[in-house]
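The following pair of complexes shares a single chain, chain A, combined with chain B in the former and chain C in the latter.
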Partner chain A sequence: MEGWPVLTVRRLTLAHLWVAFATFGLAVILGVWQMWARSPLPAPWHSPANYYLSVTAHGVSMAYVLTTFFIMGFGYFVAETSLQRALPGKTWAWLAFWAGIVGVAMTVASILSGRASVLYTFYPPMTATPWFYIGLVLVVGASWIWCVLMIVAMATWKRENPGRPVPLAMYATVANAVMWLWTTVGVAAELLFQVIPVAFGWTQLIDVGLARTLFSWTLHPIVYFWLLPAYVAFYTLAPRAAGGRLFSDTMGRLSFILFLLYSLPVGLHHLFMDPEHSTGFKFLQMTLTVLVTVPTLLTIFTVPASLEIAGRLRGGKGLFGWIGALPWERPMVLATGLAFFMLWFGGFGGVINMSLAMNAMVHNTSWVTAHFHLIFGGTVVIMYFAIAYEIWPTLQGRAFASTKLLNLQLWLWAIGMMVMTIPWHVLGLGGQWRRVASFNYADPRIAGWGPWVVVSLIGGLILLAAAVLFIVNLASLRRATIDTAPPPFRYAVAVHPPTRVPAILNGFWFWNLCVAALMAAAYGFPILHGLAMHAPGAMAHRMGGG
Partner chain B sequence: MTEISPATGKTWFMIAGALVVGLALFAAVMAFVVTPLSQAGSLGLSPWVAVCRAFGLSQTPPPTRGGYLVGTTPVSAVVFDRGLIERLAHADRREGARTVAETCAVCHGAEGVSENPAFPSLADQSAAAIYKQLSDYKTNARINPVMSAVVLPLTDARMFNVAAYLAHDNGFAGLGPRWPVPDPEIIALVRDGDPGRTLPACESCHGVNAGGPIETPRLYGQKQAYLLAQLQAYGSGARRNDVYGRMRSVAQKLTPNEMTRLAAYYQGLR
Partner chain C sequence: MPAVTEREVVASERRWGLFVAATIAVIFAAIVWSAIAMGLSPPSNGAIIDPKTLHLSREFTEANLGTSVTPDGAVVARIVTAQFQFTPACLVVPAGRPVALRFSSPDVIHGILIQGTNANTMVVPGYISQVTTVFRHAGDLLMPCHEFCGLGHSQMIANVRVVPPADFRPGPDGRVACAHR
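Coming up: the complex of A and B.
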């Protein structure tokens, strides 16, 4: 496939990534202000209404806009560069982009009107203006078009290349697309059948238990939807950037399949403290949650093993000598190291959260906020940066003159994230509530929290500096001279490049059957039981006095 | 790479399917059979009900004995809800006065001021505080060789009456004026607690209008020997009718010396 010279999705990818990163930059500013508001230092514009408006905007921007647009943009890029054929259905892709933009505009306008401060997880019976939800449905609808395009791209390629293994980067991207289609069923059902009718005022009551159950269906795999691009980079970009080879292509396929299987039937672990479910189903989903550690551990083995190959090829000796021999000056390698470091802490916190009994200690505390910032803001977003640095030269046809500022930015981000989230973990164990607009530090019982919150605010400021530097780094490439055009984009080659793989590791129909069976077992009974019980509805609480 | 025959391909599907189903079955058996059955015994549930409860199907509450879950240790059966507070407010004090004269006065004094250092004075206590202890003796949440026997014949209504009568300002002299004990360390403990040991200030509940739990007793003027005995009983866990173990957690952190001085401080100087 040497005859593939032209990247036809250049503008499409750039459009998506710029929307993602511009939103990200604004959301970081809001995040810092929120830390300021919760600290003992007097923050400007501080009122509970402004705080919850800001938290909603921050959450929606980071969780829905940054992620969805980044994943779509990167997916188009992977589809074309890994399959080495033009992306089919580019008109549809642009249609999806503009639908997403309209959705974001509606959502942002709703939030700014003050009538949508329901946080990004909605929390019915709090009810926002319907345009908030409809805007988000448009964004999700756009991502569905992306999913179909990814699946079609892979299917077309397989038809043209019978018997050949789908390149791992594309296989993983399609795994994510398939997972996302399953994931969004829950939230779509919640919004279309429960929340939006209430938001329009057609009904006044909402079954909160059912709504939370349907949202939990989405709430865990959505995190893996955000995470999988980072894993794509771990498996297919980092080994090549380090100058080595992927230790095992099969391990990679297996990991992505296991993520597809075990990120879905586990969402009840977000509802351990909710009364509407029996302990049995919570226990069942906890046990299935434990299985998510398997692909994580496979990755923790395979990716360092791949880097070790690179380190030894570069002359690293001894048990750990290869680590020092790695080319840490390359952003993708550095980001992978930092991401694994943060994954270690964040993963440990996650094991506490998913334990049915231990969850009670931390459920409504800053511990949980710390956990998801460390995993998502840390491990995932730092890999988004690294991916951007990796593909931007190809997208712009220019190369970075130096990686110094790139690496400084990655270091700042990782340090800022640790400085911010370690205090949150400590405060969470001390009982500090999350989702709270301010604290009365004059109360001697919580006065001791103040210094910790100030430290986390400092972490937030470091993160803000890193975010600004990131935008500056990308923008600087736009102005760079063209004479250092990069070589064509390549993915990591496996130690044993697959020539044929079993059909089960080259497609998804069988795994979809497994997901269907697992979801029926994990969610079928709780949802049907909830419907049959006719739980009393809760009165809608309309935001902004509407 | 070896050629993969269709048969081998099918084997992969079989193995993968068996693994996925097997792991899910294992999780289900743990969730709906092993865990409920292992917990059924201590809750006094039949195996069938335990399994149904794991599915969320059985609304049957676990069996209780004397108001408590079977297999659990009672702390107190008293719940200060609106009904109970109204019954205390509308109790028959005249009948309560008779019971006090016949039953309580011998030890606790005719006007609620005890002469015996081992017996607490009841004057100045709230109806909620007295009722809580009477009820706890009745349900064996608190055990005392004398009091557990004394409350046996008392009905709930009569306990309300006694509590209401003793709490009512009916001309009792009360405990009379006292001089504070000049013990700076203990005063600091009483007023500020000791954050280093996560010891709350005594006054945060026992102070006048401190806003502690409704059943919190007044301590000023109480018998020193009685106070010391109670602190020791909480510290050893012999007394355990304090909701959420509030007093046990406090007493476990006090030294014997502090207990003695606290008891002296609260009795005060005549």
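Coming up: the complex of A and C.
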């Protein structure tokens, strides 16, 4: 129990979260400028080179830097507060942090040089300077160290507490770490064996179909890697913040296990419109994609059921009366409500996307951009805000004097996200295609889009206001003079707290075997087939003429 | 009403579990039905071709590009998607009958959609993509490149001219081109 109950990961967590949120703030500014550039209004600095540089920076910042650093920082916090023991291997954690920083610096310098405008999804045979990819490999490498530390922390605790159930928050965090190790295999293989050798000029040709297949391995579960901290908050923070209890601990464990199983063998649904895979394998992975809705459908039962307990304890009556009785003035409760609201829209769009046939209607249109901004911005990032508000008092040793500005910030973010993405859905159905630096509004077939794009720009400006207020809120706590040491950090307790759980729900050994079998079935043949086909390679196209 | 005992909790979860199973069964059935009954399936062509010598291949030489009608009456359009233009940049197709669109890329990844239709495919260098569609109405439709292919991506747009069947008149070689109308 060395160090505990004094939080020993305070500085470690703060360092990670500040890197995450500073990057996030800059990326929001870029996003707003991109909407401006695409609108009929004249935007400053507008050129294709600047636009794609900005899109690359926006994607890399949001998808790789904000997420990875937030998840690592929050993971260290959960490991220590849920297991109530000092985190083992803190030197390694700091090493990973600095490796990640060096990686980010290399990546940012590469992007600013104009020789890495390949977007965060790479698109070989377009090729950036090798330092762009190596920087990202360093960030991923840092996250691998984090994964090992999470697994070691849980294993150490289990050895010291034989037979006791691992606290749900930690079990879920380790599920995410295990899933992330599986997830990154695809992109690591693509970068190390295909893209980086071409970027250095050691080879000239690249098998594009294989590269797309390997990237698709990563492209879906990476979204669940970002999402699972939000689910950790749904299950273990929101019920407590609302003053209730978790409806079922077992259901929580089951949901996280199902995410581990079904978020991986489904990435081919990103390639429905690709020529290199047969309809049979697309169909198989679509079927598995249908199953990945199950853990989310379980969550939208268990979490509201947990909140219902809180609402009724607070005097809510009737079928829906408990909803009004919830303490909506608490940021974690408000954020959970807003996240669920946006999850409906984003999830509905996702069901359309995964439909083998309907996908053709929306593939690579603004509909898809709307879908993932709703899921990422609307469900993931809003919960990152709420988590930060929840743990910041513990990290800083001070309490927020008032939650008014916190709640205003959450509302602004949710409203901005809806105002931005509703026009995108409409435009996507109208055939507005993706990754365009500017539209020719003089064309009568495009002119009608103008007003919708301006509305989405207004949504972007609201999001920018919310992002600024978020940083201000966190910084204000740093400067606050009221030193009311918050009570020790607590997680939600289940209605029937588990005293023992089956070994299968307390570890991941068996589930890893299941993942291996599922991945062999879903990806084994497509990858082997791709290798055996010897598709003719494509010549590298170097960005910026490097 | 709130479940209190462990048995009530489990019973409510079992009811929800059945609801979840029914929900995903309905979603799955709708997808399978649309694929089979409406004959919709993704463009999974799978044919390979060398992007480095695309212009020398039998199918994608310049003279063979554009819309043509085969002796048995099938309409096939062949298009090369390259940074940052389509060849040909204008395509004539008839309304009301199936048109097979075949694409290939000599350089990087591209993709196409035709506005107002379900025609949508990626164009991956090394492969030939094919989509078959029936255009319902006459008119000029946008066919943009929808996948980031470099700094000129936004300028990569073609025109699909859908003409009434009576106006679709192939020449003696079976070919139809925009300029010839």
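FYI, the second predicted complex is superposed on the first by the 541 of 546 C-alpha atoms of A that agree within 3 Å, B and C clash if a C-alpha of one lies under 4 Å from a C-alpha of the other, contacts with A are read in each partner's own complex, and residues count from 1 in each chain.
Quick note on the criterion: contacts are C-beta pairs under 8 Å (C-beta built on N, C-alpha and C of every residue); 3 or more make two chains touch, one makes a residue touch a chain.
The structure displayed is predicted, hence computed values, not measured ones.
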* Have a look at chain B and chain C on chain A after the superposition and call it: clash or fit. => clash
* To do: See if chain A has more residues touched by chain B or by chain C, and give me that chain.
  => C
* Scan A:279 for contacts with chain B and chain C and give back first, second, both or neither. => both
* Asked: A:518 contacts which: chain B (first), chain C (second), both, neither?
  -> first
* Asked: After superposition on the shared chain, which partner residues are touched by A:503: those of chain B (first), chain C (second), both, or neither?
  -> first
* Asked: Taking the superposition as given, does A:426 touch the first partner, chain B, the second, chain C, both, or neither?
  -> neither
* In the overlay, answer first, second, both or neither for which of chain B and chain C A:125 touches. => second
* **Partner chain(s) touched by A:288 [first = chain B, second = chain C, both, neither]** => first
* To do: Based on the superposed arrangement, let me know which partner A:261 touches: chain B (first), chain C (second), both, or neither?
  => first
* Applying the touch criterion given at the start, work out whether A:461 contacts chain B, chain C, both or neither, answering first, second, both or neither. => neither
* Asked: Between 62-70, 116-124 or 152-160, which run of chain C pushes into chain B after the superposition?
  -> 62-70
* chain B and chain C footprints on chain A, overlapping residues -> 277-279, 283, 287, 291, 496
* Touching residues on chain A, where the partner in the complex is chain B -> 261, 277-281, 283-284, 287-288, 291, 444, 496, 498-500, 502-505, 510, 514, 517-518, 521, 525-526, 529
* Which bits of chain B are touching chain A when the two form their complex? -> 1, 3-4, 8-9, 12-13, 16-17, 20-21, 23-24, 26-28, 30-32, 35-36, 53-57, 195
* List of chain C residues in touch with chain A within their complex -> 2-4, 6, 9, 12-13, 16-17, 20, 23-24, 27-28, 30-31, 34-35, 38, 40-52, 83, 105, 107-109, 111, 113, 115-116, 118-130, 140-142, 144-154
* Would you mind writing out the residues of chain A in touch with chain C in their complex? => 48-49, 52, 117, 119, 123, 125-126, 207-209, 212, 247-248, 251, 271-279, 282-283, 286-287, 290-291, 293-294, 297-298, 301-302, 305, 308-309, 312, 351, 355-361, 363-365, 430-431, 433-439, 443, 445-446, 495-496, 533, 535-539, 541, 543
